[in-house]
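See structure below.
Chain naming follows the written order as A, B, C and D, and within any one chain the residues start at number 1.
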Amino acid sequence: MTELLSDDVQGQSAQTLTLAKALNAGMRRALADDPQVVIMGEDVGKLGGVFRVTDGLQKEFGEDRVIDTPLAESAIIGTAIGMALRGYRPICEIQFDGFVFPAADQIITQLAKMPARSQGGIEMPVVIRIPCGGGIGAVEHHSESPEAYFTHTAGLRVVACSNPVDAYWMIQQAVECPDPVIFFEPKRRYWDKAAIDLSGSAPVPFDKAVVVRPGTDATLLAYGPMVKTCLEAAEADESHSLEVIDLRTLSPLDTETIFESVNRTGRCVIVHEAPVFGGLGGEIAARVTEACFYRLEAPVLRVGGFATPYPPSRLEDHYLPDLDRVLDAVDRTFAW
Amino acid sequence: MTELLSDDVQGQSAQTLTLAKALNAGMRRALADDPQVVIMGEDVGKLGGVFRVTDGLQKEFGEDRVIDTPLAESAIIGTAIGMALRGYRPICEIQFDGFVFPAADQIITQLAKMPARSQGGIEMPVVIRIPCGGGIGAVEHHSESPEAYFTHTAGLRVVACSNPVDAYWMIQQAVECPDPVIFFEPKRRYWDKAAIDLSGSAPVPFDKAVVVRPGTDATLLAYGPMVKTCLEAAEADESHSLEVIDLRTLSPLDTETIFESVNRTGRCVIVHEAPVFGGLGGEIAARVTEACFYRLEAPVLRVGGFATPYPPSRLEDHYLPDLDRVLDAVDRTFAW
Amino acid sequence: MTIDVHSVQDAELVQLLTPEGERLEHPDYPLSLSDQQIRELYRDLVVVRALDREAVALTRQGELGLWPSLLGQEAAQVGSGRAMGAHDMVFPTYREHGVAFCRGLPFLEILKMFRGVNHGSWDPKEFGFHLYTIVIGSQALHATGYAMGIQRDGFQENGIGDAAIAYFGDGATSQGDVNEAFVWAAVYNAPVVFFCQNNQWAISEPLERQTKIPLYRRAQGFGFPGIRVDGNDVLATLAVTRRALDLARTGQGPTLIEAFTYRMGAHTTTDDPTRYRHSDELEAWKLKDPIARVKAYLSRSGLAVADFFDEVDAEAKAASRTLREACLALPDPAVSAMFEHVYRAPHQQLDEEQAAYEAYLAGFETTAGSGD
Amino acid sequence: MTIDVHSVQDAELVQLLTPEGERLEHPDYPLSLSDQQIRELYRDLVVVRALDREAVALTRQGELGLWPSLLGQEAAQVGSGRAMGAHDMVFPTYREHGVAFCRGLPFLEILKMFRGVNHGSWDPKEFGFHLYTIVIGSQALHATGYAMGIQRDGFQENGIGDAAIAYFGDGATSQGDVNEAFVWAAVYNAPVVFFCQNNQWAISEPLERQTKIPLYRRAQGFGFPGIRVDGNDVLATLAVTRRALDLARTGQGPTLIEAFTYRMGAHTTTDDPTRYRHSDELEAWKLKDPIARVKAYLSRSGLAVADFFDEVDAEAKAASRTLREACLALPDPAVSAMFEHVYRAPHQQLDEEQAAYEAYLAGFETTAGSGD
């Protein structure tokens, strides 16, 4: 089966795809590889999802495997858990970040805890895809970054892809993972393109961060939509050589890659769209500080959303970290 | 009305009460003071709550004001929001920490956001009481510390009381507060006793931390059930003079009190029952490090739960920070 | 897939005005309106449709981020909107522009939300119309809680009893919150009306993805009455809603109204319904247009002449023009608006963030000699 | 408060064995059991009650942290438990000890959970009995999803069709999750049975805090059948559950069964029901005891003699003794159990925490020369 498929896929090798299409191709491959994989969510079938990420998959794999569900997020996750108990590997789509909260109970008290509850007897290979982040001029609840709610939840793995190549591979790794995975997709990067070698196997392990731009003077840590922003900031900064790390995995954190970098540069700025207050940046800053205490020339600084609900779209450029705000933090870390 | 009540209350002045009874007395006073105050929750009426915190209140104030609700947490908060829109000030009880998640959506997307959504036109004076923490030998879902989910949610205030006196005053301050308040009660300290002067007004503002034990060598930061643990640890440590701060308010944080202390001692250990990973300790550590960078002799250390679901009760003593684990961290900070 | 939810339609549907404009009587829902009142309803329908169309146009031109059109649902909204008393409180979704209109909310307020100027920040008390709620189903609980407040106020603040009315769609009936609201409303006998606009679609999902039986029957399972009304019939909708509100305000508990209608347009301006539904369905529903039947009735019965219809059209056109101009003139919000209303009491960290950000912005001004 | 939920009881209740032990026939639920089978049911009831009582005693003696007694609900649980096939999958709450017993789960496994040794960690597949679920209502969705899996497996893995069955209480019917499960089960026509033990109380809250009408009628509102059975009648419960499971496994969709019963004991051992309910209610229900009526039937019809009853009592006593001994002999879990099953794939931070904590513990061993 896998053999056969690899051939199919080989034919399409090294295509240029958007991030959305890359996810689509990754899920197509997962569906073809393993008959137990199913997709569940609102509008994922005929419509192919509001961002067309599941476009064509219902047509190809049928209504039993790409399931348009009633409108209830708790039930999407709750029934996915039941399907997993029957041996399936559901990929659930939450239509927008802000709509994951009705499912919080099923995710936090059931999905995350069931493997430990069963002392390992139960496996929960459920993937929850969440388009996240702002910058698309949307109305309330459509631009949020709720990752910190899930990184604080033991039993979940949390990952974020930032580019089409990772999107293609990471979604497949998530499906293969025996643990439940919260899979964040940077919605404003859905239309970013890259050439992807569709054959072969994943170039980077699922639980590793990647240095996407080497540098010597300070380390920028980011994930999801902010990776591109940090890369642009690093390019724009003519006075410093900035290293940019794409965290990719948020729980667990690949601290090896992070600490190695900060121990080298002595300076660190963490960037995420979620509110700084109580956000994942605090966790990372605390760990970096503990591990690199004597190498730090300045405290780890954080750039992120404010302690406000995501604002109306006419204000979102103020809310979202951008190149200038990143460089402002970089400057502050050098001025410390 | 208030006059009248003060007299009533004066009569009972300086009573010795358990933390649970202190909450009861505080709510009784709030109910008597303001006819718009109501209590809502499962078993809060005739039974007086599974911890008897609302004991006798339905009898005294009637079924319309102390409301036994159907069994649905989302509806408890959702209807409390509706009552607040009609001018009421609901105090909602969530029976146990682990059962707050069905209400996550109403809390995070509605309660927290409605004031900002309305640009201040709507006030949401809703209090959500949550008995929290472990140490009582309970079954799953009855021993958790979910505060970090709420401190990361803009629009909410989050507080935790640690002793009967604070319990009595803080619950009243929470009811008076125009913002929604998540009110954590340390369930294993419900039976702790203290003398409380029931008359007068609150001795400490709602948004202030308190140095509960002065010291010179290192600062211990804690809240809720861990304050007592830290005080005991400080007493037990014969080689160092440990300052203990009861944070009381988790969002906002009273960083003035915290920074003043750490700038003096140069060492800081944060203790909470919630998992360290992604917990509130990270946020505090990041802020302390930024504010006290040049005064820190060691990185801020954190003691807390592990990145596991709360374990079966026969293992909870391993999970919960205790005197020894706190002192171990203190030793490590001195050995840095 | 068989849509047995449709087959029962005719027998169970309350209708007072046929698609052809014929006036029917219904024993349970007598309705006597003056000629003027019926003309007013017509005016409402036409103006609401025009304003909605203007909003769609503004969205196409990039002036709004998004618009959920009510096209096809005007009668359900105007009929129910005109059934309310001044002190009733509406808990809408994001599509109740017609109800908003009836409650006196300036249409511009809704546009502000979809232009991203605010999150929909009118004063609910002023209009008896709560803020739009986007999270599907949440507001059903708010309405129920509000109704519990009404009960505690002795049903009236204002001489006559108040009631709450929650709007939601067919898709929303699958959400836990909506069903919990049914439980609570039934148990407390709360003065709340649940007004479900069954427009047959939840984005791309047809009704049979949400239910196997007609939605109004859901109420039976919770112990209160459910009724299906022709949602394209402004008279029937008005009569049915009025009755339900009367029951509520006289302590006779909740009612579920299923307004059977159709979403004639896309889910929102970003949606492409050709991907998931056939045009013949749309064509069939065009014959049941909510406005055409009132016009036919008014004409046929001589209650209105051509001049009246022209006048209304002109009024609608003028209102649209005014709306467009006001929309284009909307100022962007101040940065401070993002920070200032999150808390009423001071929040140290947020206050620091605001101060730091304002200082940061001021830095640009100093550097560049200008700023926003 | 008028309990109109009770008044309809008799007319709508399926009963095959009266409280006096009289055998009734019901046209829709014919049941023919051998004498031996009926004696077996009696044995189940008696043993289950004894084991439950032993667990209560162990709790009082501090050996368990807590125990939710099934006293009074034995027939509902044994009747339904014995209706299942080997491959059906049960999704219980925290009180289904009798169902567990019928599924072959050693009672000790349940005690482990309430002793705090684990969170209830048996192998669900081995027994066709999922882990206990404490968060009210959650498991209704798991059962529905599992049933959707059954559909995708072509209904059978094993020659005959499989079905899922979710247990929950009267209080649980108010939760969103349970109602969402009803929506989903109906829409997908999933092979799932919803078995609601209406024991009249949710901790201190009586049934009328959850519903105004009999609970079994809730199903109507979602478009599938609901049936109320005498939950203290093991024969009726068996017949009704068997029929519902058969409907499910033959593709005829979900059924809601309301087993009308009574929680004779406290909610759990930490509860004090004298605070909220009258003893006369309890006395009335004592007359409907689920075991007494089977004994009466067996005696009266000569299907069993005194020896048999003594034998069963002796067996129950022996089983209780064995259970007690096994409980007292339970070893405490290893610390590593807390860390090892959270993830299957490595998780760096957790692994570090485990290593650090084990090193910390080892430090005590070094210092003190002993440790745990």
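By our rule, contacts are C-beta pairs under 8 Å (C-beta built on N, C-alpha and C of every residue); 3 or more make two chains touch, one makes a residue touch a chain.
All values derive from a computational prediction rather than experimental measurement.
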Winner on C-beta contact pairs when B-D is weighed against A-D: A-D
Identity of the chain that, by mean CA position, is farthest from chain B: C
Averaged-CA centre spacing for the pair chain D and chain B, given as whole angstrom: 36
Distance between chain centroids, defined by C-alpha means - chain B, chain C (Å): 40
Distance between chain centroids, defined by C-alpha means - chain A, chain B (Å): 32
Set of chain C residues in contact with two or more other chains: 118-120, 135, 174-177, 180, 183-184, 187, 209-210, 337, 342, 347, 349-350
For chain A, residues contacting two or more additional chains: 69-70, 72, 74-75, 98, 101-102, 105, 109, 113, 116-117, 140-141, 154-155, 251, 277, 306-309
Footprint of chain C on chain D - complex, ascending: 173-177, 179-180, 183-184, 186-187, 189, 208-213, 217-224
Partner chain C, residues of chain B touching it in the complex: 38, 64-65, 69-70, 72, 74-75, 77-88, 102, 105-106, 109-110, 113-123, 154-155, 157, 177-179, 206-207, 251-256
For the chain C and chain B complex, residues of the former touching the latter: 89, 91, 118-124, 130-131, 133, 135, 138, 140-153, 164, 176-177, 180-181, 183-184, 187, 337, 340-350
Chain B partner contacts - residues on chain D that touch it in the complex: 65-66, 94, 113-120, 134-136, 171-172, 174-177, 202-205, 209-210, 270-271, 275-276, 332-333, 335, 337-339, 342, 347, 349-350, 353-354, 357, 360, 364
Partner chain D, residues of chain B touching it in the complex: 42-43, 45-48, 50, 68-72, 74-75, 98-99, 101-102, 137-141, 276-277, 306-309, 311-316, 318-319, 324-325, 328
